[in-house]
Every structure is written in C-alpha cells, then in structure tokens.
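Before I ask anything, here is the structure I am working with.
Chain naming follows the written order as A, B, C and D, and within any one chain the residues start at number 1.
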Amino acid sequence: MDFQHNDKTKALLERVENFMDEHVYPAEPEFLRRMNEGGPIGSSQVLHDLQEKAKAEGLWNLFFHHGLHELNNVEFAPLCEAMSKVYWSQIVFNSMAPDTGNIETLEAFGTEAQKEQWMKPLLAGEISSAFAMTEPDVASSDATNIRLSIHRDGDEFVINGRKWWTSGVADPHCKLLIVLGRDADADPDAKHGKHTMLLVPKDSPGITVVRELSVFGYNEWPHGHGEVLFEDVRVPAEAVLLGKGRGFEVAQGRLGPGRIHYGMRCIGLAERALELMCRRVLERETFGAPIATRTVTLERIAESRIMIDQARLLVLNAAHLLDTVGVKGARKEVAMIKVAAPNMACQVIDWAIQAHGGAGLSADTPLAYYYSRARLMRIGDGPDEVHRNSIGKLELARYKKKG
Amino acid sequence: MDFQHNDKTKALLERVENFMDEHVYPAEPEFLRRMNEGGPIGSSQVLHDLQEKAKAEGLWNLFFHHGLHELNNVEFAPLCEAMSKVYWSQIVFNSMAPDTGNIETLEAFGTEAQKEQWMKPLLAGEISSAFAMTEPDVASSDATNIRLSIHRDGDEFVINGRKWWTSGVADPHCKLLIVLGRDADADPDAKHGKHTMLLVPKDSPGITVVRELSVFGYNEWPHGHGEVLFEDVRVPAEAVLLGKGRGFEVAQGRLGPGRIHYGMRCIGLAERALELMCRRVLERETFGAPIATRTVTLERIAESRIMIDQARLLVLNAAHLLDTVGVKGARKEVAMIKVAAPNMACQVIDWAIQAHGGAGLSADTPLAYYYSRARLMRIGDGPDEVHRNSIGKLELARYKKKG
Amino acid sequence: MDFQHNDKTKALLERVENFMDEHVYPAEPEFLRRMNEGGPIGSSQVLHDLQEKAKAEGLWNLFFHHGLHELNNVEFAPLCEAMSKVYWSQIVFNSMAPDTGNIETLEAFGTEAQKEQWMKPLLAGEISSAFAMTEPDVASSDATNIRLSIHRDGDEFVINGRKWWTSGVADPHCKLLIVLGRDADADPDAKHGKHTMLLVPKDSPGITVVRELSVFGYNEWPHGHGEVLFEDVRVPAEAVLLGKGRGFEVAQGRLGPGRIHYGMRCIGLAERALELMCRRVLERETFGAPIATRTVTLERIAESRIMIDQARLLVLNAAHLLDTVGVKGARKEVAMIKVAAPNMACQVIDWAIQAHGGAGLSADTPLAYYYSRARLMRIGDGPDEVHRNSIGKLELARYKKKG
Amino acid sequence: MDFQHNDKTKALLERVENFMDEHVYPAEPEFLRRMNEGGPIGSSQVLHDLQEKAKAEGLWNLFFHHGLHELNNVEFAPLCEAMSKVYWSQIVFNSMAPDTGNIETLEAFGTEAQKEQWMKPLLAGEISSAFAMTEPDVASSDATNIRLSIHRDGDEFVINGRKWWTSGVADPHCKLLIVLGRDADADPDAKHGKHTMLLVPKDSPGITVVRELSVFGYNEWPHGHGEVLFEDVRVPAEAVLLGKGRGFEVAQGRLGPGRIHYGMRCIGLAERALELMCRRVLERETFGAPIATRTVTLERIAESRIMIDQARLLVLNAAHLLDTVGVKGARKEVAMIKVAAPNMACQVIDWAIQAHGGAGLSADTPLAYYYSRARLMRIGDGPDEVHRNSIGKLELARYKKKG
C-alpha cells in the first residue's frame, strides 16, 4: 500500500501546474469578465493561443491512455484535478469532455477508417465533438426509455428523433455527433441488441440545433448543451460503432475513465474553491478581526479539507481498480465516485460562496459558475439516485449470496 | 391561539390566486423563454399590461400598511407567498423589493415634501427605486465598515464612494437611489451619529452605473443589481432622511417588514418548487413505475412539506410579533426567519431540481432561477452567519441575566 | 390568527412551572445519581410524595380533556412541554404515556363497566397500565403483520402470542394490559374486521414478562418496556374494546392526542437541553475565553432556537387542527410532527452533549438519557420512514385529484 | 500508488477473521445478554479463555510495532478494523485502549526499569492499565487547564487532585495509572515545562475511585471510565516518564498511532453496522416487499458504503504518512481522521438502528452500544471542535506563508 504518486506523474503534475501559473491563471480575469456579460467565448483567440502553447510543451491529450505519455487512470487523475481548477483550461490541454469520452470510444470500438476520419482530428484539436444520448420527453436515467429511432434502410441508417443536453454541440468547431438510439428494426420483446450507436457528421441534412440550454443562467460554454432535432438524417452503414444493436456495449465501455474524470474535475473545482475561501477569510475583517479567526470559518475549512481528501482518495482508489481489474470489477467503486465527488464539490463551493458574500455569486469569482458545474454533475450521466440504487444493490448482493 | 387567517385575508388571497391563475401563470412560459436567451425583460409591455390589470382590480400596493386594504404583516404574508410563486409577479402587484422597503422608509421617516416627490410616484408605479448600502471593498455584514463619504457643504451634501449590489438600479424606470454613507464631518471616535441616509436622484451628475452584477449566470432582472460610482455627487440639504447622522436609525426601522417579505418570498418559491416536483414525479416513469412511488421521492416530498410548513409558521409568528410588539420586541424572531426561510427554500428547490433532471437546471422550469434567488437571500441583507450570531447572543442573554 | 395562549393556559403554565421549580428540579440530582448506578426508581417514595403534592395542588391528569381543567390539545401542549423538561415528572402530574393514551382509549371506547374498573383507578393514580401492540418477529410498522392470536371460545377470549416493547409493563403498579391481536376466527381474506383489542389484567394466568428491554443501556424506567408471552390467557367476553374485529378502529382513535404529546415531550427535552447548553458554554473557558464566545457555539444555539420554535409551532398547529377538525382532518399534520419533533430533539440534544464533553454522556446531566428518549421516539409508534411515506402520499394526492 | 495491502497483512487479516468466525462471533450473544441485564463482564472466564486461544495462535499484541509481527500502522489498520467488529474482542487480542497507548508510551519514553516493571506484564496480558488526563472541573480540550498538582518532595512526587474519564481504571486487573499533572514547582509564567507524567501504582495510598461513569446507560465495560481522587499520593522519583516538566512531550508522542486505532475502530463498528443493516432489510418485509427493495433503504446503504470507504482510505493515508514521515508531518491528517471517522460511524450506525426498529436500540443487537462508543469518540481525546480548529488553522497557514 502506497499513497504516493510515481515520479512520472509528479514530474508531469509540476509541468501542468507551472503552465497553469504562467499562462492560465493570468487569463482567467478576462474570461470572468466575459462571463459576467453573458458572452460565449468558446472559440476565442486567447483559448486557441493557449492550446498551441500547451501542444508545444507536450501537455496535450494528457487524458489519453495511448497518447504521448501513456498515462493510466491513476496517473492522469492529479493532472485532471490540476487543470480543473480553472475549469475551461481542460480545453487548453485537449482533455475536456465530451471529446475525451468520444476519443476513448473511438479508440476502443472504432474501425481504422473511423479512427482516421474522426479520432485523428479530435486528437489534433482540429475539430470537437458532441455526445447525444439524453432525450427531453423521457426519464433518461432509465436507458430503456430511449426513443430516437435508428432504422436500417439499404446501405444507410435513417435517424429520427430528438435529443437534448447534447454536450458540445454548440461549439463552432463541433463536427461529429455520437448518437445513441433505439434500433427500430429490433424485436421489441428482445432482451438485448435493441440499441445502436452511430457516428453522425454534424452538418448532415436533417439535423437542427433547436436551441441551447442554459444551466443556472449560464449559456454553458464551453460545453454548449443543445437540443437537437433529427429528421430523416441519413448516414452510411459504416457509421455504426461496433455493430447494429450493440449500442449499449459501447455506452458501457465508455463509463469507466469518464467517471474518473468527472470525479477529478469535482476535486479540482473544490480545491480551487477552498483556496479562494482561505485567501478571502484571511483578508476580510468584521467586528475587528479577520473572518479567518471565527470558529465557524475554521470548522468549514476543516470539513472542506476532510471532504476533499476523502473524495480524492475514493476517486484514486477507483482509478487504481479500473487500471488493475477493469470496468466490470470496478463497477461499484466507479458508481460511488459519481455520487460522492459532485456532492462534495457542491458543499465546499457553497461554503466558499458564503465566505465571499455577493462576490461569490457574481462573476467576480468563478465560484457560482463552479457550483453550477458541480450541480450539473449530480444529474448528468445519471442522477445521484440511480447510482445510489446500483451501489445499494451491489452491496446487498454480498449478503444474498452468503445467506 | 388561532392558526386561521381572518376573513379579510382569506378573501384577498382568493382574489390574488385567481389573478395569478388567469393572468400570471399563462404569461410565465414567455418569461422563461426569454430568460433562457439571457434577455432582460424588466420593462416589457406584457409586464406593464399586467400591472394595469392588477391596479384595476384593486390588487395594488398590497404590502403597504397604509394602502387600500391597510394590511398588517400577518395579513399581507399569505398574499406575498402567493405572488412569489411566480417571482416577477410581485412587480405586477407593485409589491417588489426594493421599492417596498423604500416606500415604507419614506412613509416612516420622510417629510411631506419627500413623500410627495418620491413616495407618491412609487406607489403609483410610475417610477422605481434602488437601495445603495453594500460596498465592494469591505465586509458589509459589519455596517461600521461603510466607507462612502457624505460631507455637508453649505446647503448641500457631497457624496463620494462606491456601492454595489445596488438592487433595482438597472431598471430603466429607476429614478431614485436611497444611499447610506459615512458622515465625513462626524467625530470618528463618536459612538453614534456617524452615518447619514440620503435621497439621491438617479440622474444626478457624478453617478455612474459601472456594471450590472450577475447572480449565477442570471443578469438579475428584475432586481438588476448594479455597481455604482459616486463622484462629487451633490444633493440639497433637504434630501436627508430623518437628519444628518441618523442613517442607522432609518436603516434599522426598515428591517422588520422587509424580512417578513424575505421570508414569505422564500415560502412562495419553495411551495412552487414542491408543486412542480409533485407533478413531475407523478408523470415520469423509470424502470416501470412512476418516480412518485419511490420511497426516496416520498421522503423528500414529506420533508419538503414539513420544512415549508415550519418555516411559514415561523414567519407568521414573527409577523404577529411585529404587528403586536414592534421591531424591537421581535428582533430575535425576525433574525430567525432571515436564516431559516432561505435555507429551507434552497433545500426544497434543490430536491425539486433533482427530480426534474436537466429540465430543473435549464430555463424549462423556473427552478434554477428560484434557487439563485433563495441562495442570494442567504447573503443579501446580511449573511446567515451574522444573523445566527445575533440570535445566539440574544438566547445566551436570557441566562446571563438570571445567573 | 393569534399566536398567544389564552389566559387559562397561561395561568396553569405558571402553576406547573412553579411546581417544577419548587419540587421537581430539586429532586432531579437524586434521580440522576440513581440512574448512574443503573437502578430502577419507578416506585420510589420520592415520586409518590411528589404525586400527592401535585394532586393536592390540582395539577393532576392535566392531559385529560374531561379532567378538572378540561383542556383541549392546544391548551395542554405547553404544560406537557414544561413537565417534559424533567422527563419523569410527567408521572408526578399523572400525565405519562402509556397511561395517557390508555385512559383516552377507555374514555372514548370503553363501556361504563370498563371505565369503572380501569379508568377510574388510572385517573386516581392508584394503578398504572401497559399497551401491547409491537411484536418481535415481524416488522410492526406494517400493522397487518400482527400475529398474536385472539380466539373466541364461548364466553371468553383466548390469547396466544408474544409482544415486546410493551411500555409500562415493568412498573410494579401496572395492573392492566391493553392488547391488540389478530382475530383468529376472522376470514383471512376479509379486508376489515380482522383485529381485536382486549383489556387484560396483568396478573392473568398465562402472562409472563420474559424480560425487560434496555434502550441505549438504560433499563428504561419509567416506561419499563417488556417482552411479554401470552400462553392460553383467558379473559371474559366483556373485556373487548368496542367489539370483536374492531381493534383497528380503537387503535386509530388513539393516535391524535398521543402524537401531540409525543411532539411536546420532544420540545420539552430540547428546550431543557438548550438551556443546559447555554449555561454550560457561559461557564466553561478554553484558550482564554468562554466557549459561549465561539461562533460555532453561537451558530448551534441559534439553529437550536430556530429548530425548537419551528417544531413547537408545527405541533401547536396540529393540535389546533385536532381540536377544530378532528383526527381525520389532521392526519397529515399529525404525521408531520411525529417525524419532525423527535428528529429535531435528537439534533439539539446532540449539540448540547457535545458542549458538555464527557458530562454530557454520563449521568451528570440528563442529556444522554434525553437523547435515548428522543431517539426511541423516531422508532416507537412507527418509524420516521412510515410516516414520511404517508405524508408524501397525502401531498401527492393533492395533484392527482386536480390532474 | 498502490491501494492493495501487502501479503503479510493479507495473511494476518485472514487469520484474525478466521479467529473471529470460530471463537468470537459465537460468544457474542452471551455478551449481549449480559449487557441487557446491565452486568459488567470485564473479567469473565470466557474472555480469559479467548485470550489464551489468541495468544496460542500468535494473534497477540498485534498493535505493537515491536511485537511478534512488527506491524507498522498501515499493516495493523485492517486487523484493528476486523477485531473492532465485535468491540470487546480487542481485549482478546490484547490490543485494546488504553493499554495500547500506555504500552507504546512506555516503549518510547520508559526506562529499562519502567519497561520491566510495567510494559512486560501489560504485553503479557497479566495486568491492565489506565490513563488519567481529563479533569471534571475544567474544559480539558484546552490542556493548559489541567489542575491536578504534582509536587517534588525530596525523592518523591506528591500528587493531589481529581481526574475523571480515567479509562480502564474500573477493570479489576488494572494495576497502573499513567497520570498527567501540573508541575506545582514550575514557574507559572513559563511557556514550557509545566507538566509532568507519572507512573502510579493503582493501589497507592491516597487513591480513591470515587465512582464509575456511565456512557448513555452503559456501565462502560470494558473501559470502565472512573472518577479518581488523588490525596497526597506519593510515588518515587523514578516513576516519572521522560523527566519532570516533560509531560506534554510524552502526551504528544502518544497521539499518532492511538488516533489511527481510534479511526479503525470506527471503521470496524460501521462495517459491522452496515452488515447487520443489509441482513436485516433483506429479511424483513413491510407492505408486501422486503425493506431492501425501498429506494430510501438503498440510498442509505449506498451512502454508508461511500462514507465507510472514504473514511477507511483517509485513515490508511494518515497511517501511511505516520509510517513514512512521523507524527509531526502527519499532524493535519491525524487530526482529520479523529473528526471524520467517529462522525461517519455515528451516522452509519444510526441508519442501521433505524432499519432494526426497537431491536436496534435494545441489546438484541450490538448497535446501540456501538453508537455509544462512536459518540464517545467524538468527545474523548479532544472534541471534534478542537480538532477542526487545528485543521482549519493548518490549512490557512498554507496561504499565510505564500501571501
């Protein structure tokens, strides 16, 4: 048992942190100012320049197991935390969802042609992508509710339906939609094989981005969640991932690393919030003494530190399991971090907001935006309740077997 | 002891609810749509038309003790709750902060001339107003930190300084700023008489609205919190409220009813959230059954009902005390609702958001916006912590005396 | 709407409080000392003497609507709170469960002969009684699980089965058991009429008190919860309450006032805990200042005051409803206090324990014992979860009807 | 980074678990029965026999770094967890506080003679010991409050004062008290060197165990907390640990491993509670379905699993730090587990109690007793609040330095 990161990780972490200090933090005030004015900044020149710098320094595609540094989940985790402290800087390092999950999906399940067409430019940062699973009219936490129809017609698939919370679709660089739908040709009483996943060019005829969805008033840059209408959209048969009726297999394989990222992003958001809180309470005085001297402040800082460190250890443990026994063996642990990390982050950020007064809710700090991110993560990719049910059932199964 | 509202209140409540059903709820979707697009709608024609309708029906200035219906705090409370269910509809009934508090302040402390100039058009809904107390560079929860300087120069006061979270200043109808500042001429070692409150026309030379502050990502219509710079702003001596050096007296007198409104607004937000939650969980199905049948759903609905009813009773009790023994005697009870109601509302709305999934965070429901309102109320007008300290000290005082 | 108690209540409250100050509080240390030594003191001479004093002063059977003062639920509530501050003093005023509920049941459903035989000596404090409903082998929160069999044999009922948590059975004065059982003669497929309630003399042949159950290590005086075995116990046909097969009707009728008492007992426990906490933190110093000056202390005192006052108002509102519209109309409100009051008391007492350090857990204060009482009330008479489910369903029903 | 225990630990863990299954769990019902009857069982023959068995199997003094297996903190941690599942079984393995801490103190700071006299028989399980630090009249969370006086008189120390919560003193095998007191000869204005720690034979003249303190209603076997009066108690000069005036140094050195044990005991208690909860909800049915199928049950099981795993990782991380950088470098992490583990255990056990109904509060399960143990650990060895303050200050120090 060893709680130290290896030397490779430590060295990369230092490089990422240095990059953050030199290039990212200095750019943050400008981004906050734009956020206060409500403007989207996804394709700004500043961001592009930072990307070029990161690429030049070899801090690129860090999330990708088959990338330059060949990092496993445990090794990428602290880097993911570091870059999440300024949330949008994940784009700078080409390590932002949904591209991360989409690239991993292509790597694991894509044909050579699919990789060439889509994975290569994604890894180069030339294009971005979106993931279309959630639907507006049904409770998506039960995946069997999916209604978007995928019908095989000769050499093509025909897509009809409506998605929303299609993350990334609003980015002007977005060229690819990975779409999960119901196989309209499958036997409705079949137990398996009823869903298909397709690679759909965003500019396909019949695709309309109906609107962008706000989260707590934010226009949700950089994710740009959209509502997307598919009307008789046609893609060639080769656009299928893994095979007709195998959509769930692909979806499942995608979950492991993605949730580690989810978790570490929350750790990063929370660490940043705690740092801002500490600095603030040391500076501000009320009734003749710094707020930092109040025991209620000390209690919250202490609880934040405990909660963050616990959550980080839980995520790292899940990452370690994922690296050693794989997605299936880490099922419970991966579900646990999906619940624990965002809830922890919401609480820590909320305390930091409170310590800042009005500045915590406006765009004078990134805190309110960070809260909205953490709050969304309690819903996105399945709400807390669905994951807690899974964990509970897995736990009970230990005693059913024995009994 | 009687927990029933009197007949006058019941009759008015029915009229307000009918008005809401007929005119306000039907207009809500349009407002949500605009909110999703980030647009301010404070001075929309729709709103103006609704105001005319409310005025015509005698549902106007309901908050005002000296208004048409002469309602005391207990009597206005349920009306305030009802209209807060669609938050902006308080404007429709001319019962929205900060105008409510400003009107009450003018009524209690204004000269006849001040009432004629400012209170009359405010009561008529012809103009709106702002209240400037909080400052960006100091912890405003300790009022002695106030730095904006008010200096007497001959027949005029000269104002220099910076305010923010100046609620209402962004409304194009806003014509009046009530400003609290430090008396630059007072002895700095004096215990009292160091603050002055002035009535300042918004178009006075030297006033600059530097920017509007967002709350989460909302541009905070209808309140329109602004950062305001005062540079050598001059007002005549008659613009003072109550008298030079008596600013705190005025500020204190303002607090009682305002906090009842704070409380009841939270009750209204929470009731609406619970209603939306109930309707949603009855409709949506996962894994073959409505979400409403899950015990975790039932637990949250039950806890919401308990929390809302407790908070409402606490607010009504404080209102009753305010009506019978006045602000001073109700000090602890009024502080208690300032803490209890917004925290309750945050929790209930958060559960409702969770029950809605993504729709709870976007503008497809008013929930995320309501959360931002309730969250702001944990900070505005003094953060939870300051009020809890006051309550704690008042409680301890009971035992110090005896001991 | 009026939050003041009437004059009759105020006068009685003053008398009860004076009695507590003069007679009960001075006796408390002796009771705590005995508790530390683990001894039962239910039938002590001290207690008997206090009862005689209370009876002489007309402070007797205060809970009883048809007693000397004819108090309704709202009027008894503050007296119940006052006497619960020293938990066992409810015995002093002959107002302790389960005698309270048993007397009310006899009054509502008993024949003249039953009243003469049992209610009269109970009201006189000459005997005490027990209530036998819960069973060890089934989840009693679902009443249909009840297994104890009641079979009609000629002019007698024959009882066989096992009960536990039979409150009061360990008191040496206990002479009567009110027993709820399954009607062995009823059609098992019938929807109603399957349960019967009997008045059973404790000294009936075939009754064995197998053991007494501890709660958190306390031998649970004064309640003395017992496990009771019934083997061919025979009672005459006249021992039935209301009639064969009507046991549930009786059980239901019993619930309203009992839960108001439940609630007010919790308020009393919590108020006492808060008082002890305040006194303690004013006295004790750490690191050069009284604990009372720490903001975390002030926060807990403030939250305690808020929670207690909210819970009291909720209980009084339910009592008012019970007095005005009856058990059926107050169903939701009565369930709400069953959940809210014990949970509130557990939290407030826990904070008070923490403020006392070791003294809070030992018998140097009544706090740990009070915690055990409040904690038991989250389970006794149905666990939180069952009541929350009921409340949730009643709330949802409002929207089902409309939809 | 590696989250797996090494092979030595895994092998020992299996042996401990087998021993528990074969010998300890079968003895548990008898212990619970005695607990229900309120009887102390510290020196029972059963316990003695189990100790002999454990010694024979080499499962003895497992906690001791210099023992047979030479386990460090990380290696002992899972064994400590396993044996804490049946709380008193720590005695079986001679690994129960306060003997553990006392042995470690003697090993680290004792002279050869002191080790021979006291450590040897403690390691052999021939005697037990107590630790006397807390005092009844002052807030012990501030150690400078200590009043017990230690005065040097020729070749002897003379002790006068009163201690309580002297853990272990009630055990009939207890022969040694380690006593911390104020150096009566020291300059009261000196900053250091004002406290002395002594080894005091329990049968010294002048020592009176005034009474035993209950925790909730438990007589606190096996710890047997006592209130102890010291009247002119005399020990020879050689009884001092480390040296006159160096008592705090000794006390500090004691803290590291002790708190790891604290933490792992809580993990053990919580794991056992979760197991009991799972088994119970699978068995019991209400309203036609096992309680295990309710989502509120699944949520609590899931949260319990998350909370336990997080706390365990936090304790193991602190243990790892202690093993690698020592007490001083692990100060914050050690304080963090002192807060996190008992609070976690209280919550998990509370849920398990609720799932058991009345059986959870009585001695039919060990749950209520376990709650009392976990609750005590939130106070013993310094209350939560003191540790949170330390953690908060250490966290803030990171930003003070930089700023």
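Just so we're on the same page, a contact is a pair of C-beta atoms (placed from the backbone, for glycine too) under 8 Å apart; a residue touches a chain by one contact, two chains touch by 3 or more.
Quantities reported herein were computed from a predicted structural model and do not represent experimental measurements.
**Q** If we look at chain A and chain C, which chains touch each of them?
**A** The shared contacts of chain A and chain C, listed by label, come to B, D.
**Q** So which chain is farthest from chain C, going by the mean of the CA atoms in each chain?
**A** A
**Q** Using Cα averages as centroids, what's the distance between chain A and chain D in whole Å?
**A** 42
**Q** Approximately how many whole Å separate the CA-defined centres of chain B and chain D?
**A** Computed from C-alpha means, the inter-chain centre distance equals 52 Å.
**Q** Can you check how far apart chain A and chain B are, centre to centre, with Cα atoms defining each centre and the answer in Å?
**A** 37
**Q** For chain C, write out the residues touching at least two other chains, lowest number first.
**A** Counting only residues that touch two or more other chains, chain C contributes 294-299, 385.
**Q** If you connect every pair of chains that touch, what shape comes out? Choose line, ring, star, complete or other.
**A** complete
**Q** Provide the residue numbers of chain C that touch chain D in the complex, in ascending order.
**A** 35-36, 38, 134, 136, 138-142, 145, 164-165, 211, 213-219, 225, 284-287, 291, 294, 296, 353-354, 357-364, 368-369, 371-372, 375-376, 378-380, 383-386
**Q** Can you check the complex and tell me which residues of chain A touch chain C?
**A** Residues of chain A touching chain C: 294-299.
**Q** Which positions of chain B touch chain C when the two form their complex?
**A** 1-6, 74, 274-275, 278-279, 281-282, 292, 295, 297-303, 305-306, 309-311, 313-314, 316-317, 320-321, 332-333, 336, 339-340, 385, 387-393, 395-396, 398-400, 403
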